[in-house]
Amino acid sequence: MKHALKMCQWDEQDIMELIKLAKQMEEGSYENRRKQPYVVANLFYEPSTRTKSSFEMAQVKLGYKRIPFDVAHSSVQKGESLYDTVKTFEAIGVDALVIRHEQENYYKEWIDQVTIPIINGGDGCGQHPTQSLLDLYTIYESFGSFKGLKVGIAGDLRHSRVARSNVEILHRLGATIILASPEEWKDESLMQYGEYCSMDELCEVVDVLMLLRVQRERHVEQMHSNQANYLEVFGLTERRMSFLKRESIIMHPAPINRGVEIADQLVEHPKSRIFTQMKNGVFVRMALHEKIRLGGWK
Amino acid sequence: MKHALKMCQWDEQDIMELIKLAKQMEEGSYENRRKQPYVVANLFYEPSTRTKSSFEMAQVKLGYKRIPFDVAHSSVQKGESLYDTVKTFEAIGVDALVIRHEQENYYKEWIDQVTIPIINGGDGCGQHPTQSLLDLYTIYESFGSFKGLKVGIAGDLRHSRVARSNVEILHRLGATIILASPEEWKDESLMQYGEYCSMDELCEVVDVLMLLRVQRERHVEQMHSNQANYLEVFGLTERRMSFLKRESIIMHPAPINRGVEIADQLVEHPKSRIFTQMKNGVFVRMALHEKIRLGGWK
Amino acid sequence: MKHALKMCQWDEQDIMELIKLAKQMEEGSYENRRKQPYVVANLFYEPSTRTKSSFEMAQVKLGYKRIPFDVAHSSVQKGESLYDTVKTFEAIGVDALVIRHEQENYYKEWIDQVTIPIINGGDGCGQHPTQSLLDLYTIYESFGSFKGLKVGIAGDLRHSRVARSNVEILHRLGATIILASPEEWKDESLMQYGEYCSMDELCEVVDVLMLLRVQRERHVEQMHSNQANYLEVFGLTERRMSFLKRESIIMHPAPINRGVEIADQLVEHPKSRIFTQMKNGVFVRMALHEKIRLGGWK
């Protein structure tokens, strides 16, 4: 497979190989032997700072060339479909595409008709595989293994592509999943991987606390009645911080709603890996880009 | 002349020279001996995917440097004129500008006061010379000559800068032009180059069928009363496909309104050169850029 | 100090060093010995053509790599703060940031928590140090000194960050400041540096006439009652042009409102340095970038 679409496409060995390649990227020990110019385009149909900049940085570091694309000034404004846009970039000779699109499984209908690799930068409420990879890399960096780790995921589970991508792979890699979520945002499909409990209970037992962003832009239905109190009920407060185990770490995919998912002053707490996750994102994206450039997976 | 503004600026020899240079670009046999960095900016005042990306790709392949420009975040928002914007890029040292603007002949008032070359990426309902060049290149690639070729152009002739650019040059290169268009979109000025006939008749005789995009964004007046039936009356259906000659080819400048100008399933038919046109666009733009960088025309 | 935030951070020696470095950039005599790739991002929260393009050109000429950023398609749309955006770019490994933001002193709250250098591309009605530097460079180029020069600044003094930056530094470098402004736009804080007089009087005595842009987008209060007559009362007309001294020069930060601050036909008058200022902007920004890359100031 030449694409990177969802976490379930990789087995444990594939994941560990990507983590090791990312490590080489971080250490600067990877040797880039590319002779031909390699040209990519980043098609972001949804807003992004971190994911897009991180891909751009990865591409800069690998010496790739980039063709800019801005939905608002593209032929999407004349009604052009995603498929025709993708085929256009293929036709002009782009070597790979990174795509973020609001539609879940946006690639499903046409992926077999495209000859260049597609890297999924997020598909609606579906998956966000490079976020998962950087989360895995960050956890691995802290604990050296996934087996037996207790990972708590808290917040808007139903709308989170980050949660969806992570829960399945962490379970597969041997971690124990614990979930905490407002009633309205629980996702039944995740119950096969872990149990729901209160935020207090979750904080007491986890090695890794993954906070999810309250995605105001993605759901129109009434938010949890305790929105004003979200921080108190499902956020990381100073009080809950005191419950956390000595070696535990805190993660968040960002952007952070400061004072909602986490108390403002805890964002840069020593336990927080939030900015480390961003740093690591560059290395896993470099690894993924190179793995794909060199042929992908069987 | 150092600019590329309209097709009529080139004689047959100029065109053939550009086609041959583009061929070298496609074959990779062109040697780029540039020593100085060459910096361009692409000023697109109208949406574009193909033309802009194709220019960017040509520039990447030639090793040019690019200064980004986005109308929505520029001083155009503070009321700055196109002329002052152009002079600004000249002042900061840009070597050439590609401009797409909604105003026909946008360059007319000030072209003589600008010292750097301007490449026209489309001027309102005026011309779109690089689209014409890639169309010519695509036709030449299929038939090896223009003389005696029957080229049918069908659709929104009145609002199409593609049609305007193509009809005159194809006539000049020895092709026979045939036109088909809804009554409201006929353009009398084109009648000196070719005759109007029905879409069925046109399909039966042409070597090249050029479909034009229905430009919904460009005309406010009532569209052809048969809009719902546009495909039936002026589009390429399976039925009309069966009329086409064995060696004939189908072209469209894109973006395509699938199911309007052409039946969805015919877009990637073996006769279709639609994605080939996009591919070729990169080579003719490379050729044009280099010809201009090296001094342009007498 | 590793940042470039406001003019008052530099003493006369710092300024002269930057001017000399910019001269080397203009002459091509500067030798760039950088070995590592150097990556910057330009975060423009307000529209810009000149400043942004000029920074981009400076970065291109220095061989820096650039990570694109567009507020409208960034996580700013999800409510992300400027601080978190800055920390994100720091985390992904950007070496320096150029920021333009509508809030005066946007950097004040967090500048000490950021490890990478920030270059101020304009902060609301605050300062615009690189504009000041290019103005100083342009004046120095014409007169070889600042001492004793009579500099007249005319127009919307209250809302102009260009005026604010320039008045103080020119005063400090030994120039005499003269001001002319509609009553509503006078700025009392500037009176310690120079006296207000009529536009006619000002034109008769100055060596340098700096016109300021009427910033329609920045103030909602009623504009000067004579708006229609702004050119007559505070603009540069043919009549006032005849008052100017032989060796005097005319400056304007642009974008120009032609026919408002200056008569249309005078914009490219031999005395005008308006496009020269744009050209010089590239050299001073190259100088500033390199000075900062190499460590900044004590």
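Note that the chains take the letters A, B and C in the order they are written out, and that residue 1 is the start of every chain.
Assume contacts are C-beta pairs under 8 Å (C-beta built on N, C-alpha and C of every residue); 3 or more make two chains touch, one makes a residue touch a chain.
If you're wondering where the values come from, they're calculated on a predicted model, not measured in any experiment.
*Asks:* Taking touching chains as linked, do they make an open path (line), a single closed cycle (ring), a hub with spokes (star), an all-linked set (complete), or other?
*Replies:* complete
*Asks:* Residue numbers at the chain A-chain B interface: does the shared fraction exceed half, giving same, or fall under half, giving different?
*Replies:* Different residues, largely: of all residue numbers at this interface, under half are found in both copies.
*Asks:* Given a C-alpha superposition of chain A onto chain C, how large is the rotation in degrees, taken in steps of 5?
*Replies:* 120
*Asks:* Indicate the whole-number Å distance between the mean C-alpha point of chain A and the mean C-alpha point of chain B.
*Replies:* Going by mean C-alpha positions, chain A sits 40 Å from chain B.
*Asks:* Counting only residues that touch at least two other chains, what does the list for chain C look like?
*Replies:* Those would be 68, 70, 72.
*Asks:* Which part of chain A faces chain C closely enough to touch in the complex?
*Replies:* Residues 44, 47-50, 52-54, 56-57, 60-61, 68, 70-72, 213, 215-217, 254-258, 275-276, 278-279, 281-282 of chain A touch chain C in their complex.
*Asks:* Would you tell me which residues of chain A are touching chain B in their complex?
*Replies:* Interface residues on the chain A side: 37, 39, 41, 65, 67-70, 72-81, 84-85, 87-94.
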